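Reviewing the structure listed below.
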């Protein structure tokens, strides 16, 4: 069953890069707002772009770090950050693109983190956590460095989308669905939930039962 | 010399879980106050519950992480956080219990971190540091994520209790006291100092000699 | 070609300790200002003193940590912090010394981080990043713990100096310059750029092209 003309791994890699671009754009915007200099902006962009994957790899003891052997990550982030710093005024024009890219990033980072953890022999529950870790730790660290309360932990459908995607994967896998196809389903579920949440301004309700 | 009817390791494990519950409760309270959503609260609870032990294990190169093979940590923390989120109003009723649990956690985490480091062949001074790391890094990271200055670093008898406990252990060990019994002494010393500090509002004085 | 009467490694080690003293002094000052207690100040000093090297070693999978086998780091930092806490009022008298020491630290930490990464077989671009990581992550984490926006990321010639030093090293190495001599050049370049920036209050301009 071959749905793609290009290999699924290539597609995942391209989506990963799109996510990295979104991270670098969001980080550069916040860093400029906080008065960071050129290299400060680039550094925060890198933290946002591959911080989550780095923490995941440290926790799972995977070495060397993916961005140490594949320099595309460092190069793409540096280029994105520099271009945005030079043409700062274009940001509001590309705001919608960044939100779209960000949703692609959330989905791709979750799938990659989840699959990497399973490949390392982690238990399914831990794999779900590693998917979340890959998807949100970078943005969380960016906000911490910039002295803001992390957005992704607040009333936004973000971690929720990642968890739902992982659950769908686990159920379909248990039902015997083909892995490559299942990756694609998980990716779509997370992406669609996130885009719906952004579009309709969905928030997770509080679960406080009694006042 | 057998002082316990249940194995000392089982007791330490149970105390560890009590400490983890205290961490999850404190983190959930702070996270709710900061407006985090359901999963944001759970995530900060996890950071508080096993963040210190995780950093210790990364520094000592111990793999896999304890919470990746023993899912009780993730489950206990998630359950504690969810229950507290649902029955938020009970918190002030259990405030005293949380302080008691927290002191148990401080003592247990210190003992475990200290012993793990010694077992990995660390020097005694480094083992003392690893005890402190296990006991405080989780709470410190919780405060950092919530954009607060870490409580444990301020004028509270917290690190002090951990250091004193470790020192008592090292002296008694040098005097030839039985290890299992010594663990219990160290645990008690830290717990009692912390409870006294909470009860009588003790603070470490400043050591500034001249104005 | 032997330029030193003492071995270059010994000189680098001494300079490293001077950098560590500067880190401990800066951290203690900020921590006291934030109301941390005795051990809180010492802990933040340690994070500032060897936090950058620790993160570098975690990323490069180098174990055990250098400060776990060589206790001089812990001892020098604890002593510096305690002395400064006792004689807090002398700080403004030694302010200039701390700035000098800090520039020495920036240069030494960059050289050590850069060389360690190359020795571990990292690509040159990654080695430059590891030099920066060693030099700034400690101070960055100190600022994050103290709930401040990291100084080193703001409009200061700090990362810039580290990058320029690494570039000079790589060019000279490509030209075939002797390694020991090249270390010394890189060290001097970073130190001089940093001291000039402090003296003449240089800042990196923004690169925004259009308003």
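Letters are used for the chains, namely A, B and C, taken in the order the chains are written, and counting of residues starts over at 1 for each.
Everything below uses one rule, namely that a contact is a pair of C-beta atoms (placed from the backbone, for glycine too) under 8 Å apart; a residue touches a chain by one contact, two chains touch by 3 or more.
Predicted model only: the values in this text are computed from it and were never measured.
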If you list every residue number at the chain A and chain B contact, are more than half found on both copies (same) or fewer than half (different)?
different
To bring chain A onto chain C by a C-alpha fit, how many degrees must it turn, rounded to the nearest 5?
120
Could you state the distance in Å from the CA-based centre of chain A to that of chain B?
31
Multi-partner residues in chain B (2 or more other chains touched) are 58, 144, 147
Flag every residue of chain C that touches chain A in the complex, lowest number first.
58-61, 122-123, 125-126, 129, 132, 140, 144, 147-150, 152-156, 159-160, 163, 203-204, 206-211
What part of chain A is in contact with chain C in the complex they form?
31, 34-40, 43-44, 46, 54, 58, 63-65, 68-69, 71, 74, 82, 85-89, 144-147
